[in-house]
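Each in structure tokens, the structures are laid out below.
Paired with chain B in one complex and with chain C in the other, chain A is shared by the two complexes that follow.
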Partner chain A sequence: MDLKEKLISSFLAFENQVDVDSFVHNIREEALKEFEDRGFPSKKEEDWKYTSLNKILKEDYSVFPKQENALEYSEVKKYFIHDIDSYKIVFIDGKYSSHLSETTHDGMDVCLMSAALSKPKYRIIIENYFNKIAKGNSISALNTAFSKEGAYIHIPKNKLVEKPIQIIHFSTGNEAALMLQPRNLIIVDENSHLQIIERHQSLTENPVLTNSVTEIFANKRAIVDYYKVQNDNEEASLIDNTFVKQKQESHVSVHTFSFGGKLVRNNLNFYQNGERIDSTLKGVTIIGNKQHVDHNTLVHHQEPNCESHQDYKGIFGDNATGVFNGKVVVDKEAQKTNAFQANNNLLLNDKATINTKPQLEIFADDVKCSHGCTIGQLDDNAMFYLRSRGIPEKEAKALLMYAFANNVLESVKISELKQRINKIIATKLGVNIGFDL
Partner chain B sequence: MLKIKNLHASVEDKSILRGINLEVNPGEVHAIMGPNGSGKSTLASVIAGKEEYEVDQGEILFYDDSIDELSAEERAHKGIFMSFQYPVEIPGVTVTNFMKTAINETRKAQGLEEMPANVMLKLIREKSELLDIDRKFLSRSLNVGFSGGEKKRNEIFQMAMIEPKLAILDETDSGLDIDALKIVANGVNKLKSKENAVVVITHYQRLLDYIVPDFVHVILDGRIVKSGPKELAYKLEEQGYDWIKEEVNA
Partner chain C sequence: MNKYTEDDLREELKTKKYEYGFYTDIDSETFPVGLNEDIVKAISKKKEEPDWMTEWRLEAFRIWQQMVEPEWANVKYKKPDFQAISYYSAPNSKPKYNSLDEVDPELLATFKKLGISLDEQKKLAGVAMDVVVDSVSVATTFKKTLAEKGIIFCSISEAIKEHPELVQKYIGSVVPKTDNFYAALNSAVFSDGSFCYIPKGVRCPMELSTYFRINQAGTGQFERTLVIADEGSYVSYLEGCTAPSRDENQLHAAVVELIALDDAEIKYSTVQNWYPGNAQGQGGVFNFVTKRGLCETNAKISWTQVETGSAVTWKYPSCILKGNNSVGEFYSIAVTNNYQQADTGTKMIHLGKNTKSTIISKGISAGKSQNSYRGLVQINSRAKNARNFSQCDSLLMGNECGAHTFPYIEVKNKTAQIEHEATTSKIGEDQIFYCNQRGIDTEKAIALIVNGFSKDVLSKLPMEFAVEAQKLLEISLEGSVG
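Showing the complex of A and B:
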């Protein structure tokens, strides 16, 4: 039985576990039907031309987490940004770990999706927001069909949430192969500010496939900064589907740091729904071996006077492959749009590959849109300059690569996170030098 | 300190140096002059260890050890420094971080501990004052948006920080106005000692008014064809290179 059949045939059992009368029941059923019709995306689809899921779909995944496998904080502390005060929503093999988490209902909800989907007091919010924007591809439909657990965050208006929220998923190897489908819903009301750090971490060599969906709603003048740290081991794959809907004058940024994993696909979609909105999409990818990272972005400008900034840097060594597919749509009504997109790549040898494709669909006539992509190598003259000052080859390369990615790192607002990322990059590049400026 | 014996070097099969002989001892200042394309800058790059240059014949000894097989960084660790004619712009790496990394990597290679941060800061302050460098400049990206003069001053600042045994200044005077030239020359002179040596590569005699050489060498077609005292530089300034070419041809 292949994975698709396995998922479809286990749907009934899944539905029996959760509340069949709930509002989401119909949504799940429709989503399952969509997945049944369309199946997993294949390379025949334009958006998946350079990323094949075949290899990772072959594993015999357990599709339901069975039990919580306890972890001590000391074992996993290093995966947290532990030197800051933060809320934490932690899952182990797909099950919520109250032991490692720190949630709240004090003036806001930082809690669990399972609670939000089943308790009557959340019903109106769920009806208004759940699965309103997570649409358009069969893989997010699959997540919707099995949506049950994840983070639920609702920040009411006029609230500056000072502590960032860390959403962390651990897999422990309890199962020979595990498929996880976390589902997050984040709603930030008028004038409120929120920072989120998300991480998926496998603690074993057993294969893990995570198919995650996150819906983010930023209401008027809300500010949301979302950081995704993707530094998993080489048997873990991630399909991240993130959908952002913004109301007027809101600012949302998503930074994606992709340093590890077997296959990572980021589907990041921004829908602007109001004037004077600012959307920022940034990413740094540094991979080697046979790793594969694919960024597929969409920014849909629907109203006038909005901005979007996309800046993705990629560094590819060994046999690694990268994909960047960035689409910007500017509707006829969206005059005075300012949309900027850049994708710059370094290939460290002849075997590494990057496929980069900017797509602009502009229907308005008074807009500023720019896009550009570059593919290059490390500059020999710069290398000689650094080495002639006593910096060894490996360190000189690392310094140049860091410098190449630096302007994306500069916009990280949580300094402890930035330091952590600097350290991950140094480890990744095998050097022990401080990149701090 | 530096002994170059019958050095032949080429780049992409194009022969550039055709038998250079040169000896530099501690405490000496040498000037190497010559027209464009004569091989001056190539000589500097070959000594510093640029990989594109192939040594076809002869050898370079530094304190009696051959350095032909050493990488650029290994030569730097031994105390060889080259001030670049065209310093490379590196966005994202600040001058301070660059110096910190260079000094600590050199110390590591020499088996020393990293320099404590406060000592490093003090050193940076001291040496930037010597070169009349604004502190703000140190937190800017290396050479990015620097004027020609700022780039050259930054090169000598690096030299001051690193304190090499042998400093090769490749056309450090080009692109400098007279005030910047004086600052740079003053910096070099303050760093001069009985233990170190300076090789100044230049087109013009004017830098040599400020950094006074003990020896002047003229390079033509990849060979040192004439050497003499500092007065040779004045003669070149007045009469150009033709008379030397004639001498050589005769």
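Showing the complex of A and C:
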């Protein structure tokens, strides 16, 4: 039985487990039908031209983890940004771990999706926001059909959330192969400010496939910074679908750091729904071996005077494959749009591949849109300069690659996170550089 | 002096008629509509072709029957009914001309209206021309001069008869019959086209030129061009196109194959001005063309195109950089207005070492048109030190048109250096203001700016074409700035 059939046939059992609320139930059924019609995306679809899911769909994933598993904080401390005070929402094999988490209902909601979907007091918000923007592809429809658990965050008006929120998913390898489908909903009301760090971590070599959907709503003048740390081991695959809807004068940034995983696909969609919006999409990818990372971005400018900035850097070694597929759509009403897109790549090995397709679709005439894309290697002159000053080859290379990725890192606003990522990069590049930034 | 406002300009542009929309009443022989094996055989027989050619056509026809029309391009149109097209239309009074005086005077008048008066060009510009009206090659000028150098420049049907060894060796070698839907169709039914062979080490002394015109209603034009530049030779080839105004859509599906052997250089320039349809988007030519060149060691192919006509354009002149140190270039201006749609670009396939390619594409969209650039740069794993530079700029006029860029970049070698950049903008008010301030009126200012915008490409055209292209740009665009 292939994975598609297995998922479809387990839907009934899944619905029996959860409270069948007719509103969410209808959405789930519709989504399942969409998935049933379209199936998993194949390379025939333009958006999936360079990424095949076949090799990761072969595993016999268990869809519902059978038993609960507990982890001690000391075992997994290193995966947290532990030196700052933060809210934490932690899941182990898809199940909420109250032991490791730190949630709140004090003036705002930082809690669980399962609670939001079932408790009547959240009903009106769920009806207004749930699954409003996570549409258009079969893989997010699959998540919607099985949406049950994840993070639910609602920040009311005029609130500066001082502590960042960490959302961490662990998989313990209790199952031979595990499929996870977390579902997050984040609503930030007028003038509020929120920072989120998200991470998926597999603790063993057993294969894991995570198909995650996050919906983010930023209302007027809200500021949201979202950081995705993807440094999983090489048996874990991740399909991350993030949808962002912005109201006027809001600022949302999403930083994606992809250093690990067998196959990582990031679908990142921004819909601008108001004037003077600023959207930032940045990413650093450093991979090797047979890893595959695919960034698929969409920024849809619907109203005038907005900006978007995209900056993706990639370093690819060994047999790794990198894909960047960025799309900017400017509607004809969206005059005075400024949209920038840059994708720079370094290839370190002849067996590494990069496929990039930066697209512009523009219907308005008074816009400034540009995209740039480069593929190259380290500058020989720069290498010589460093070598002639006594820096060993490996360190010199690392230094240059670090500099190459640095302007994405510069805009990370949480300094502890920045340091952590510096460390990961140093490890990835196989050097020990004492950067203190 | 009345102020010439942007609205006036736009209005003028809308009503600007297609200048070449006349129809010449020449007797012509047209096949019944529809397509089947018999028609393919009949075309082949009509052209007195050898058996291998007939067989080749039939094979292509069978392949075509298995294929479906491609839909991936960013254009919308009503698909042509391939059974409602006549696949062969020849001007009737077609004796073998020895000199221009013998050509049907009415046909000559047609050419005069087109402004390409053959004899004049022959004398003044020194351009050797092959004119294809409704599929059949009518006159090839300057044949003798060329023959002295050993250059073969004739219609492809003549080449099939007289130089079968060359045709058989190279036809379909760059664009195989199986390549795509329209290439297969063309392979089955192509009625004529141009053939050119430059022998080893010869530098062709003049520009070679082909002129295409669809005249008869309800016909499709399927010409096939094959240019072979033998080792160390050089040729510059020009191609121009027009069609009369008609309400229904006409189909043009050509195949162009270029072969540049070691150290050879081919420069291929196109000014495409097929009838674009009227201001309501009715009629116009569907231009579905496959153009591709193959570069051997140290060879160079350079495509230059000015695309101002056609209701729907679907065209990707490409280079396969097979040999080491080979060079591919693509310079394009695509102008769309009213309801025109263009999806055009190039493919640069780097296979050899030290191969270089340059892509400069300028898109200008006005009215309700859609203009797309779609390009592929592919560096294979053995293509060491490949270098590519791509630049696609779009200029939008008015907010009802669209500009799109779809660049595909696939790299499998670490020594590759690829740069791609694209911008989209409109003509800035400050630029116009700057010109106005210096006493240049708005209309001239716009012409100046558009010309400057297109300069990179215009400067690559041969002299005679550059003048014509500049004129075309002015006709299509002057003042349509919003």
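Everything below uses one rule, namely that the second predicted complex is superposed on the first by the 433 of 437 C-alpha atoms of A that agree within 3 Å, B and C clash if a C-alpha of one lies under 4 Å from a C-alpha of the other, contacts with A are read in each partner's own complex, and residues count from 1 in each chain.
To be clear about the criterion, a contact is a pair of C-beta atoms (placed from the backbone, for glycine too) under 8 Å apart; a residue touches a chain by one contact, two chains touch by 3 or more.
These numbers were taken from a predicted model, which means no experiment stands behind them.
After superposition onto chain A, the modelled positions of chain B and chain C are compatible, with room for both. Of the two partner chains placed by superposition, only chain B is touched by A:380; chain C is not. When the shared chain is aligned, chain B comes close enough to touch A:402, but chain C does not. Judged by the touch definition given at the top, the superposed model places A:85 against neither chain B nor chain C. Once the two complexes are laid over each other on the shared chain, residue contacts for A:364 go to chain C alone; chain B is not touched.
Looking at the shared chain after the overlay, A:37 reaches neither chain B nor chain C. Residue contacts after overlaying the shared chain place A:72 against neither chain B nor chain C. In the superposition on chain A, contact of A:372 is made with chain C only, not with chain B.
When the shared chain is aligned, no partner comes close enough to touch A:162: not chain B, not chain C. Look at A:354: by the touch rule set out above, it reaches chain C but stays clear of chain B. The superposed three-chain arrangement places the nearest Cα atoms of chain B and chain C 15 Å from each other.
The touching residues of chain A, counted against chain C in their complex, run 46, 50, 332, 335, 345, 347-377. The touching residues of chain C, when paired with chain A in their complex, are 72, 381, 394, 396-426, 482.
For chain A in complex with chain B, the residues that touch the partner chain are 379-382, 384-393, 395-396, 399-400, 402-407, 433-437.
Residues of chain B that touch chain A in their complex: 48-52, 71-73, 75-77, 81-82, 84, 87-88, 90-94, 96-98, 100-106, 109, 139, 141, 158, 162.
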